[in-house]
Amino acid sequence: MSDFLLGAGIFVLAMVALGLARVGIGPGYADRMMGAQLLGSGAIAVLLLFGAATGESGAVDVALTLALLAAFASIAFVRFAADKARNVADDESPR
Amino acid sequence: MSTAVDLFTCISVGLGAVFFLAGSLGLLRFPDAYTRLHALTKADNLGLALVVIGLLPQAGSLAAGLKLIVIWLLVLLSGAAVSQLIARAARANERRG
Amino acid sequence: MIATAASAGLALLLVALAVWTVVARDALVAISGFIAYGLLIALVWVRLSGIDVALTEAAIGGGLTGALLIGAAARLRSTEAAAHAERCGATTRIVALLLSAAVTLALVLCVFALPHPAPSLASAVQDNIASTGVGNPITAVLLAFRAMDTLLEAIVLVIALLGVWSLGPDRAWGGRPGIRYTADPNGILAYFARVLAPIGVVIAIYIFWAGADHPGGKFQSATLLAAMWLLVQMAGLADAPPIGRRSLRVGLVVGPLAFIAVGFIGSFASGAFLSYPDGWAKPLIIVIEAALLPSLTLVLGLLLAGAPARESSK
(Lines give C-alpha, C1' and ligand atoms only; values in the text may rest on other atoms or scores of the structure.)
Protein backbone atom coordinates (compact mmCIF):
# COMPACT_ATOMS: atom_id res chain seq x y z
CA MET A 1 0.00 0.00 0.00
CA SER A 2 2.62 2.53 0.99
CA ASP A 3 4.72 1.48 -1.99
CA PHE A 4 1.76 2.06 -4.26
CA LEU A 5 1.11 5.49 -2.74
CA LEU A 6 4.77 6.41 -3.12
CA GLY A 7 4.70 5.26 -6.71
CA ALA A 8 1.56 7.29 -7.40
CA GLY A 9 3.28 10.28 -5.82
CA ILE A 10 6.29 9.90 -8.09
CA PHE A 11 4.00 9.59 -11.09
CA VAL A 12 2.09 12.78 -10.26
CA LEU A 13 5.41 14.54 -9.66
CA ALA A 14 6.62 13.47 -13.10
CA MET A 15 3.39 14.73 -14.68
CA VAL A 16 3.74 18.06 -12.96
CA ALA A 17 7.34 18.32 -14.11
CA LEU A 18 6.03 17.86 -17.64
CA GLY A 19 3.65 20.70 -17.05
CA LEU A 20 6.59 22.89 -16.11
CA ALA A 21 7.66 22.72 -19.72
CA ARG A 22 4.67 24.93 -20.46
CA VAL A 23 6.08 27.53 -18.08
CA GLY A 24 9.21 27.60 -20.17
CA ILE A 25 7.67 27.53 -23.64
CA GLY A 26 4.24 29.05 -23.19
CA PRO A 27 3.90 32.12 -25.32
CA GLY A 28 2.42 34.73 -23.08
CA TYR A 29 2.17 34.93 -19.35
CA ALA A 30 -1.21 33.22 -19.06
CA ASP A 31 0.33 29.90 -20.09
CA ARG A 32 3.14 30.28 -17.61
CA MET A 33 0.71 30.96 -14.81
CA MET A 34 -1.18 27.81 -15.77
CA GLY A 35 1.98 25.73 -15.46
CA ALA A 36 2.64 27.21 -12.03
CA GLN A 37 -0.95 26.51 -10.97
CA LEU A 38 -0.65 22.88 -12.07
CA LEU A 39 2.55 22.63 -10.06
CA GLY A 40 0.73 23.98 -7.02
CA SER A 41 -2.10 21.45 -7.03
CA GLY A 42 0.27 18.68 -8.09
CA ALA A 43 2.54 19.45 -5.16
CA ILE A 44 -0.45 19.27 -2.82
CA ALA A 45 -1.40 15.86 -4.21
CA VAL A 46 2.18 14.62 -3.94
CA LEU A 47 2.42 15.88 -0.35
CA LEU A 48 -0.77 14.04 0.62
CA LEU A 49 0.42 10.84 -1.07
CA PHE A 50 3.92 10.92 0.41
CA GLY A 51 2.48 11.76 3.82
CA ALA A 52 0.04 8.86 3.71
CA ALA A 53 2.76 6.53 2.44
CA THR A 54 5.22 7.26 5.24
CA GLY A 55 2.65 7.85 7.98
CA GLU A 56 3.84 11.43 8.42
CA SER A 57 0.77 13.22 9.71
CA GLY A 58 2.32 16.68 9.47
CA ALA A 59 2.37 16.51 5.68
CA VAL A 60 -1.38 17.26 5.67
CA ASP A 61 -0.70 20.54 7.48
CA VAL A 62 1.90 21.50 4.88
CA ALA A 63 -0.59 20.65 2.13
CA LEU A 64 -3.19 22.81 3.91
CA THR A 65 -0.79 25.77 3.95
CA LEU A 66 -0.02 25.28 0.26
CA ALA A 67 -3.72 25.04 -0.59
CA LEU A 68 -4.29 28.34 1.16
CA LEU A 69 -1.54 30.08 -0.74
CA ALA A 70 -2.09 28.34 -4.07
CA ALA A 71 -3.58 31.34 -5.75
CA PHE A 72 -1.27 33.88 -4.22
CA ALA A 73 1.45 34.01 -6.83
CA SER A 74 -1.04 34.13 -9.69
CA ILE A 75 -2.95 36.98 -8.09
CA ALA A 76 0.27 38.85 -7.35
CA PHE A 77 1.16 38.39 -10.99
CA VAL A 78 -2.14 39.70 -12.22
CA ARG A 79 -1.88 42.69 -9.93
CA PHE A 80 1.69 43.65 -10.53
CA ALA A 81 2.83 42.44 -13.88
CA ALA A 82 -0.10 42.04 -16.22
CA ASP A 83 -1.26 44.79 -18.51
CA LYS A 84 -1.64 47.86 -16.37
CA ALA A 85 -3.91 49.66 -18.76
CA ARG A 86 -6.57 47.11 -18.29
CA ASN A 87 -7.70 46.05 -14.88
CA VAL A 88 -7.88 42.31 -15.32
CA ALA A 89 -9.54 41.86 -11.97
CA ASP A 90 -12.66 43.72 -12.97
CA ASP A 91 -15.72 42.07 -14.41
CA GLU A 92 -16.50 43.31 -17.89
CA SER A 93 -19.46 45.50 -18.47
CA PRO A 94 -21.99 43.75 -20.68
CA ARG A 95 -22.27 45.10 -24.14
CA MET B 1 -12.45 -5.61 4.99
CA SER B 2 -9.20 -3.76 5.00
CA THR B 3 -8.23 -5.25 1.65
CA ALA B 4 -11.45 -3.89 0.17
CA VAL B 5 -10.62 -0.47 1.61
CA ASP B 6 -7.08 -0.73 0.26
CA LEU B 7 -8.40 -1.71 -3.13
CA PHE B 8 -10.72 1.31 -3.11
CA THR B 9 -7.79 3.57 -2.21
CA CYS B 10 -5.64 2.14 -4.99
CA ILE B 11 -8.35 2.55 -7.62
CA SER B 12 -9.23 6.07 -6.58
CA VAL B 13 -5.63 7.27 -6.34
CA GLY B 14 -4.86 5.59 -9.65
CA LEU B 15 -7.74 7.37 -11.37
CA GLY B 16 -6.60 10.65 -9.80
CA ALA B 17 -3.12 10.12 -11.20
CA VAL B 18 -4.64 9.46 -14.62
CA PHE B 19 -6.43 12.81 -14.45
CA PHE B 20 -3.18 14.52 -13.58
CA LEU B 21 -1.68 12.84 -16.64
CA ALA B 22 -4.57 14.10 -18.73
CA GLY B 23 -4.15 17.61 -17.33
CA SER B 24 -0.43 17.74 -18.08
CA LEU B 25 -0.83 16.32 -21.56
CA GLY B 26 -3.61 18.78 -22.29
CA LEU B 27 -1.50 21.64 -21.01
CA LEU B 28 1.28 20.65 -23.36
CA ARG B 29 -0.66 19.68 -26.46
CA PHE B 30 -3.74 21.88 -26.72
CA PRO B 31 -3.49 24.67 -29.25
CA ASP B 32 -4.34 27.80 -27.31
CA ALA B 33 -4.59 29.28 -23.85
CA TYR B 34 -8.29 28.69 -23.29
CA THR B 35 -8.24 25.00 -24.15
CA ARG B 36 -5.17 24.55 -21.99
CA LEU B 37 -7.04 26.18 -19.13
CA HIS B 38 -9.80 23.62 -19.64
CA ALA B 39 -7.27 20.81 -19.28
CA LEU B 40 -5.72 22.39 -16.22
CA THR B 41 -9.00 22.52 -14.34
CA LYS B 42 -9.50 18.78 -14.85
CA ALA B 43 -6.25 18.06 -13.06
CA ASP B 44 -7.00 20.60 -10.36
CA ASN B 45 -10.54 19.53 -9.54
CA LEU B 46 -10.96 15.90 -10.53
CA GLY B 47 -7.40 14.71 -10.07
CA LEU B 48 -7.03 16.09 -6.58
CA ALA B 49 -10.61 15.09 -5.67
CA LEU B 50 -10.00 11.45 -6.55
CA VAL B 51 -6.70 11.44 -4.66
CA VAL B 52 -8.39 12.95 -1.59
CA ILE B 53 -11.31 10.50 -1.79
CA GLY B 54 -8.84 7.65 -2.07
CA LEU B 55 -6.85 8.82 0.94
CA LEU B 56 -9.90 9.43 3.15
CA PRO B 57 -10.16 5.80 4.36
CA GLN B 58 -6.46 5.86 5.19
CA ALA B 59 -6.74 8.97 7.33
CA GLY B 60 -6.11 8.32 11.00
CA SER B 61 -8.99 10.27 12.51
CA LEU B 62 -12.04 12.33 11.72
CA ALA B 63 -10.03 15.52 12.06
CA ALA B 64 -7.47 14.30 9.52
CA GLY B 65 -10.26 13.38 7.10
CA LEU B 66 -11.87 16.79 7.53
CA LYS B 67 -8.52 18.44 6.84
CA LEU B 68 -8.27 16.51 3.57
CA ILE B 69 -11.70 17.71 2.49
CA VAL B 70 -10.90 21.31 3.46
CA ILE B 71 -7.74 21.11 1.34
CA TRP B 72 -9.76 19.98 -1.65
CA LEU B 73 -12.36 22.72 -1.18
CA LEU B 74 -9.64 25.37 -0.91
CA VAL B 75 -8.02 24.17 -4.13
CA LEU B 76 -11.43 24.25 -5.83
CA LEU B 77 -11.99 27.84 -4.70
CA SER B 78 -8.51 29.00 -5.69
CA GLY B 79 -8.71 27.19 -9.00
CA ALA B 80 -12.02 28.83 -9.84
CA ALA B 81 -10.78 32.35 -9.08
CA VAL B 82 -7.41 31.91 -10.74
CA SER B 83 -8.92 30.36 -13.88
CA GLN B 84 -11.06 33.46 -14.37
CA LEU B 85 -8.08 35.75 -13.88
CA ILE B 86 -5.86 33.72 -16.20
CA ALA B 87 -8.52 33.66 -18.89
CA ARG B 88 -8.92 37.43 -18.68
CA ALA B 89 -5.17 37.93 -18.81
CA ALA B 90 -5.08 35.76 -21.93
CA ARG B 91 -7.87 37.77 -23.54
CA ALA B 92 -6.22 41.07 -22.62
CA ASN B 93 -3.05 39.77 -24.21
CA GLU B 94 -4.90 38.83 -27.35
CA ARG B 95 -6.58 42.19 -27.66
CA ARG B 96 -3.30 43.97 -27.25
CA GLY B 97 -1.14 41.95 -29.62
CA MET C 1 13.51 0.84 -3.40
CA ILE C 2 10.63 3.02 -4.42
CA ALA C 3 11.50 5.44 -1.63
CA THR C 4 15.00 5.95 -3.03
CA ALA C 5 13.51 6.36 -6.48
CA ALA C 6 11.21 9.07 -5.12
CA SER C 7 14.08 10.91 -3.45
CA ALA C 8 16.32 10.55 -6.50
CA GLY C 9 13.58 11.80 -8.81
CA LEU C 10 12.97 14.81 -6.59
CA ALA C 11 16.68 15.62 -6.42
CA LEU C 12 17.10 15.43 -10.20
CA LEU C 13 14.05 17.58 -10.76
CA LEU C 14 15.36 20.15 -8.29
CA VAL C 15 18.75 20.38 -9.97
CA ALA C 16 17.16 20.71 -13.42
CA LEU C 17 14.82 23.40 -12.13
CA ALA C 18 17.68 25.30 -10.50
CA VAL C 19 19.73 25.26 -13.71
CA TRP C 20 16.71 26.41 -15.69
CA THR C 21 16.04 29.27 -13.25
CA VAL C 22 19.62 30.49 -13.59
CA VAL C 23 19.74 30.45 -17.38
CA ALA C 24 16.25 31.83 -18.01
CA ARG C 25 16.25 35.06 -19.99
CA ASP C 26 13.06 36.66 -18.81
CA ALA C 27 12.89 37.74 -15.17
CA LEU C 28 9.33 36.53 -14.72
CA VAL C 29 10.14 33.09 -16.11
CA ALA C 30 13.04 32.83 -13.68
CA ILE C 31 10.72 33.84 -10.84
CA SER C 32 8.22 31.12 -11.80
CA GLY C 33 11.09 28.66 -11.71
CA PHE C 34 12.11 29.93 -8.30
CA ILE C 35 8.60 29.59 -6.88
CA ALA C 36 8.40 26.06 -8.27
CA TYR C 37 11.78 25.36 -6.68
CA GLY C 38 10.46 26.55 -3.32
CA LEU C 39 7.44 24.23 -3.56
CA LEU C 40 9.65 21.26 -4.36
CA ILE C 41 12.00 22.10 -1.49
CA ALA C 42 8.99 21.92 0.82
CA LEU C 43 8.43 18.40 -0.56
CA VAL C 44 12.05 17.54 0.18
CA TRP C 45 11.70 18.72 3.77
CA VAL C 46 8.66 16.49 4.21
CA ARG C 47 10.68 13.55 2.85
CA LEU C 48 13.35 14.39 5.46
CA SER C 49 10.67 14.57 8.21
CA GLY C 50 11.34 18.26 8.88
CA ILE C 51 7.68 19.26 9.00
CA ASP C 52 8.15 22.61 10.74
CA VAL C 53 10.71 23.67 8.15
CA ALA C 54 8.45 22.40 5.38
CA LEU C 55 5.58 24.50 6.75
CA THR C 56 7.74 27.61 6.82
CA GLU C 57 9.11 26.91 3.34
CA ALA C 58 5.64 26.36 1.90
CA ALA C 59 4.28 29.52 3.49
CA ILE C 60 7.18 31.83 2.68
CA GLY C 61 8.54 30.30 -0.51
CA GLY C 62 5.16 29.46 -2.00
CA GLY C 63 3.45 32.67 -1.08
CA LEU C 64 5.28 35.69 0.19
CA THR C 65 8.60 35.43 -1.60
CA GLY C 66 6.85 34.83 -4.90
CA ALA C 67 4.72 37.93 -4.51
CA LEU C 68 7.76 39.97 -3.42
CA LEU C 69 9.83 38.90 -6.41
CA ILE C 70 7.01 39.45 -8.88
CA GLY C 71 6.51 42.96 -7.55
CA ALA C 72 10.22 43.65 -7.84
CA ALA C 73 10.39 42.27 -11.39
CA ALA C 74 7.43 44.39 -12.45
CA ARG C 75 9.13 47.53 -11.18
CA LEU C 76 12.38 46.63 -12.90
CA ARG C 77 10.76 45.80 -16.20
CA SER C 78 11.49 49.16 -17.76
CA THR C 79 15.20 48.74 -17.05
CA GLU C 80 15.51 45.19 -18.39
CA ALA C 81 16.73 46.28 -21.81
CA ALA C 82 19.49 48.38 -20.31
CA ALA C 83 20.46 45.52 -17.97
CA HIS C 84 20.69 43.15 -20.94
CA ALA C 85 23.08 45.50 -22.69
CA GLU C 86 25.41 45.40 -19.71
CA ARG C 87 25.73 41.63 -19.49
CA CYS C 88 29.27 40.42 -18.84
CA GLY C 89 31.23 38.42 -21.40
CA ALA C 90 31.69 34.70 -21.74
CA THR C 91 34.99 34.56 -19.85
CA THR C 92 33.52 36.04 -16.69
CA ARG C 93 30.64 33.60 -16.85
CA ILE C 94 32.89 30.58 -17.27
CA VAL C 95 35.02 31.67 -14.32
CA ALA C 96 31.87 32.17 -12.25
CA LEU C 97 30.64 28.71 -13.26
CA LEU C 98 33.93 27.08 -12.26
CA LEU C 99 33.99 28.89 -8.91
CA SER C 100 30.40 27.87 -8.14
CA ALA C 101 31.16 24.26 -9.08
CA ALA C 102 34.22 24.30 -6.82
CA VAL C 103 32.20 25.61 -3.86
CA THR C 104 29.51 22.98 -4.48
CA LEU C 105 32.14 20.25 -4.60
CA ALA C 106 33.67 21.47 -1.34
CA LEU C 107 30.23 21.44 0.34
CA VAL C 108 29.49 17.93 -0.93
CA LEU C 109 32.83 16.68 0.40
CA CYS C 110 32.16 18.28 3.77
CA VAL C 111 28.77 16.58 3.99
CA PHE C 112 30.28 13.21 3.17
CA ALA C 113 33.07 13.78 5.68
CA LEU C 114 30.62 14.22 8.58
CA PRO C 115 31.06 11.57 11.26
CA HIS C 116 28.55 8.73 11.44
CA PRO C 117 26.31 9.23 13.38
CA ALA C 118 26.40 13.01 13.09
CA PRO C 119 26.76 14.84 16.43
CA SER C 120 23.38 15.97 17.65
CA LEU C 121 21.75 17.36 20.77
CA ALA C 122 18.44 15.66 20.05
CA SER C 123 18.75 13.24 23.00
CA ALA C 124 19.55 16.09 25.38
CA VAL C 125 16.44 17.92 24.15
CA GLN C 126 14.30 14.82 24.62
CA ASP C 127 15.61 14.36 28.17
CA ASN C 128 14.76 17.88 29.23
CA ILE C 129 11.64 18.63 27.22
CA ALA C 130 9.28 17.75 30.07
CA SER C 131 10.38 20.81 32.02
CA THR C 132 9.27 23.16 29.25
CA GLY C 133 5.68 21.94 29.14
CA VAL C 134 5.49 21.81 25.34
CA GLY C 135 5.41 18.62 23.30
CA ASN C 136 6.96 19.81 20.04
CA PRO C 137 10.78 19.64 20.34
CA ILE C 138 11.21 22.42 17.76
CA THR C 139 9.07 24.80 19.80
CA ALA C 140 10.98 23.77 22.93
CA VAL C 141 14.30 24.58 21.30
CA LEU C 142 13.10 27.86 19.77
CA LEU C 143 11.31 29.24 22.80
CA ALA C 144 12.94 27.61 25.80
CA PHE C 145 16.44 26.28 25.20
CA ARG C 146 17.52 28.87 22.60
CA ALA C 147 15.03 31.62 23.29
CA MET C 148 17.77 34.23 22.93
CA ASP C 149 18.13 33.42 19.23
CA THR C 150 14.40 33.83 18.67
CA LEU C 151 14.42 37.17 20.46
CA LEU C 152 17.27 38.48 18.34
CA GLU C 153 15.60 37.19 15.19
CA ALA C 154 12.41 39.09 16.00
CA ILE C 155 14.41 42.28 16.57
CA VAL C 156 16.34 41.75 13.32
CA LEU C 157 13.05 41.55 11.44
CA VAL C 158 11.94 44.91 12.84
CA ILE C 159 15.31 46.43 11.91
CA ALA C 160 14.94 45.01 8.39
CA LEU C 161 11.57 46.72 8.17
CA LEU C 162 13.22 50.00 9.16
CA GLY C 163 15.72 49.43 6.38
CA VAL C 164 12.92 48.97 3.86
CA TRP C 165 11.16 52.08 5.10
CA SER C 166 14.33 54.12 4.72
CA LEU C 167 14.22 53.50 0.97
CA GLY C 168 11.21 55.73 0.52
CA PRO C 169 11.52 59.37 -0.51
CA ASP C 170 11.72 61.92 2.30
CA ARG C 171 8.44 63.61 1.50
CA ALA C 172 6.59 60.28 1.71
CA TRP C 173 7.83 59.44 5.20
CA GLY C 174 4.91 58.53 7.39
CA GLY C 175 2.68 57.84 4.41
CA ARG C 176 1.22 54.68 2.98
CA PRO C 177 3.38 52.16 1.13
CA GLY C 178 2.68 50.97 -2.39
CA ILE C 179 -0.22 52.03 -4.54
CA ARG C 180 -3.90 51.87 -3.87
CA TYR C 181 -5.25 48.81 -5.62
CA THR C 182 -8.74 49.01 -6.97
CA ALA C 183 -10.91 46.17 -8.10
CA ASP C 184 -14.53 45.79 -8.92
CA PRO C 185 -16.17 45.10 -5.54
CA ASN C 186 -18.48 42.62 -7.25
CA GLY C 187 -15.72 41.00 -9.25
CA ILE C 188 -14.04 37.67 -8.85
CA LEU C 189 -10.95 38.93 -7.04
CA ALA C 190 -12.91 40.77 -4.37
CA TYR C 191 -15.16 37.74 -3.91
CA PHE C 192 -12.19 35.44 -3.59
CA ALA C 193 -10.49 37.68 -1.01
CA ARG C 194 -13.69 37.99 1.01
CA VAL C 195 -14.17 34.23 1.14
CA LEU C 196 -10.58 33.14 1.60
CA ALA C 197 -9.38 35.67 4.18
CA PRO C 198 -11.56 34.45 7.09
CA ILE C 199 -10.75 30.82 6.26
CA GLY C 200 -7.08 31.73 6.17
CA VAL C 201 -7.28 33.43 9.56
CA VAL C 202 -8.92 30.37 11.12
CA ILE C 203 -6.32 28.03 9.65
CA ALA C 204 -3.51 30.35 10.79
CA ILE C 205 -4.83 30.32 14.35
CA TYR C 206 -5.08 26.53 14.19
CA ILE C 207 -1.45 26.25 13.11
CA PHE C 208 -0.45 28.71 15.86
CA TRP C 209 -2.24 26.65 18.48
CA ALA C 210 -0.98 23.33 17.17
CA GLY C 211 2.59 24.58 17.40
CA ALA C 212 2.77 23.60 21.05
CA ASP C 213 2.64 19.86 20.47
CA HIS C 214 2.67 19.40 16.68
CA PRO C 215 4.50 21.08 13.82
CA GLY C 216 3.47 24.68 13.56
CA GLY C 217 3.96 27.78 15.62
CA LYS C 218 3.94 31.51 15.55
CA PHE C 219 6.14 32.13 12.53
CA GLN C 220 4.18 30.01 10.06
CA SER C 221 0.96 31.38 11.48
CA ALA C 222 2.19 34.98 11.13
CA THR C 223 3.16 34.28 7.52
CA LEU C 224 -0.33 33.03 6.72
CA LEU C 225 -1.94 36.03 8.42
CA ALA C 226 0.34 38.43 6.53
CA ALA C 227 -0.51 36.66 3.26
CA MET C 228 -4.25 37.04 3.95
CA TRP C 229 -3.74 40.72 4.76
CA LEU C 230 -1.89 41.21 1.49
CA LEU C 231 -4.60 39.39 -0.40
CA VAL C 232 -7.20 41.73 1.03
CA GLN C 233 -5.04 44.71 0.01
CA MET C 234 -4.49 43.38 -3.51
CA ALA C 235 -8.22 42.92 -3.95
CA GLY C 236 -8.78 46.55 -3.09
CA LEU C 237 -10.82 45.76 0.02
CA ALA C 238 -8.39 47.51 2.36
CA ASP C 239 -5.54 49.92 2.03
CA ALA C 240 -2.04 49.65 3.44
CA PRO C 241 -1.85 51.61 6.69
CA PRO C 242 0.29 54.76 6.85
CA ILE C 243 3.57 53.90 8.51
CA GLY C 244 3.38 56.94 10.76
CA ARG C 245 0.33 55.63 12.53
CA ARG C 246 0.98 55.23 16.25
CA SER C 247 -1.02 52.02 16.72
CA LEU C 248 0.92 50.39 13.89
CA ARG C 249 4.26 51.22 15.50
CA VAL C 250 3.08 50.04 18.90
CA GLY C 251 1.97 46.77 17.34
CA LEU C 252 5.36 46.31 15.73
CA VAL C 253 7.34 46.62 18.95
CA VAL C 254 4.98 44.97 21.41
CA GLY C 255 6.25 41.50 20.50
CA PRO C 256 9.98 42.02 21.06
CA LEU C 257 9.27 44.20 24.12
CA ALA C 258 7.13 41.48 25.71
CA PHE C 259 9.87 38.98 24.96
CA ILE C 260 12.48 41.19 26.64
CA ALA C 261 10.16 41.76 29.61
CA VAL C 262 9.77 38.00 30.08
CA GLY C 263 13.54 37.74 29.90
CA PHE C 264 13.95 40.24 32.74
CA ILE C 265 11.30 38.42 34.77
CA GLY C 266 13.51 35.38 34.40
CA SER C 267 16.63 37.21 35.51
CA PHE C 268 14.88 38.43 38.69
CA ALA C 269 13.05 35.22 39.46
CA SER C 270 15.62 32.59 38.62
CA GLY C 271 18.94 34.25 38.10
CA ALA C 272 19.51 34.32 34.34
CA PHE C 273 18.05 36.37 31.49
CA LEU C 274 15.30 34.41 29.73
CA SER C 275 15.34 31.54 32.22
CA TYR C 276 11.85 30.42 33.16
CA PRO C 277 10.93 29.85 36.83
CA ASP C 278 9.84 26.30 37.61
CA GLY C 279 6.34 25.50 36.46
CA TRP C 280 5.99 28.85 34.70
CA ALA C 281 7.54 27.77 31.42
CA LYS C 282 4.36 26.98 29.50
CA PRO C 283 2.40 30.13 30.45
CA LEU C 284 5.40 32.36 29.72
CA ILE C 285 5.94 30.69 26.38
CA ILE C 286 2.29 31.26 25.52
CA VAL C 287 2.61 34.95 26.49
CA ILE C 288 5.67 35.34 24.27
CA GLU C 289 4.02 33.61 21.32
CA ALA C 290 0.79 35.58 21.67
CA ALA C 291 2.72 38.86 21.77
CA LEU C 292 4.98 37.94 18.86
CA LEU C 293 2.17 36.83 16.57
CA PRO C 294 0.72 40.30 15.79
CA SER C 295 4.18 41.86 15.62
CA LEU C 296 5.45 39.27 13.15
CA THR C 297 2.28 39.57 11.08
CA LEU C 298 2.69 43.34 10.85
CA VAL C 299 6.39 43.09 10.06
CA LEU C 300 5.94 40.51 7.29
CA GLY C 301 2.98 42.33 5.78
CA LEU C 302 4.77 45.67 5.79
CA LEU C 303 7.97 44.16 4.39
CA LEU C 304 5.95 42.99 1.42
CA ALA C 305 4.12 46.31 1.09
CA GLY C 306 7.42 48.13 0.68
CA ALA C 307 8.70 51.61 1.26
CA PRO C 308 6.28 54.49 1.84
CA ALA C 309 5.32 55.95 -1.50
CA ARG C 310 2.30 58.14 -0.97
CA GLU C 311 2.50 61.29 1.09
CA SER C 312 0.57 61.19 4.30
CA SER C 313 -2.53 63.28 3.98
CA LYS C 314 -2.99 64.38 7.53
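Going in written order, the chains are labelled A, B and C, and every chain counts its residues from 1.
Simple rule for what comes next: a residue touches a chain if its C-beta (ideal position, glycine included) is under 8 Å from a C-beta of that chain, and two chains touch if they have at least 3 such contacts.
What you see is a predicted model, and the numbers here were worked out from it, not measured in a lab.
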Topology of the chain contact graph, where touching chains are joined (line, ring, star, complete, other): complete
Farthest-lying chain, centroid of Cα atoms versus that of chain C: B
Geometric centre distance via CA averages, chain C-chain B, whole Å: 28
Distance between the centres, which are taken as Cα means, of chain B and chain A, whole angstrom: 10
Centre-of-Cα separation between chain C and chain A, whole angstrom: 20
Residues within chain C bordering two or more other chains: 188-189, 192, 196, 199
Sites on chain A at which at least two other chains make contact: 29, 35, 57, 61, 64, 68, 70-71, 75, 78, 89
Interface hub residues of chain B, defined as touching at least two other chains: 74, 78, 81, 85
In the complex with chain A, residue positions of chain B that touch it: 6, 9-10, 13-14, 16-17, 20-21, 23-25, 27-28, 33, 36-37, 40, 43-44, 47-48, 51-52, 55, 58-60, 64, 67-68, 70-71, 74-75, 78-79, 81-82, 85-90, 92-93, 95-96
Contact footprint of chain B on chain A as seen in their complex: 1, 4-5, 8, 11-12, 15-16, 18-19, 21-22, 28-31, 33-35, 37-38, 41-42, 44-45, 48-49, 52, 57, 60-61, 63-64, 67-68, 70-71, 74-75, 78, 82-83, 86, 88-89
Chain A residues touching chain C - in the complex, by the definition given at the top: 3, 6-7, 9-10, 13-14, 17, 20, 23-24, 29, 32, 35-36, 39-40, 43, 46-47, 50-51, 56-59, 61-62, 64-66, 68-73, 75-81, 87, 89-91
Complex contact set, residues of chain C against chain A: 2-3, 5-6, 9-10, 13, 17, 20, 24, 28-29, 32-33, 35-36, 39-40, 42-43, 46-47, 49, 51, 54-55, 58-59, 62-64, 66-67, 70-71, 73-74, 77, 181-184, 186-190, 192, 196, 199-200, 203, 207, 210, 214-216, 220, 224, 227, 230-231, 234-236
Chain C residues within the chain B interface of the complex: 188-189, 191-192, 195-196, 199
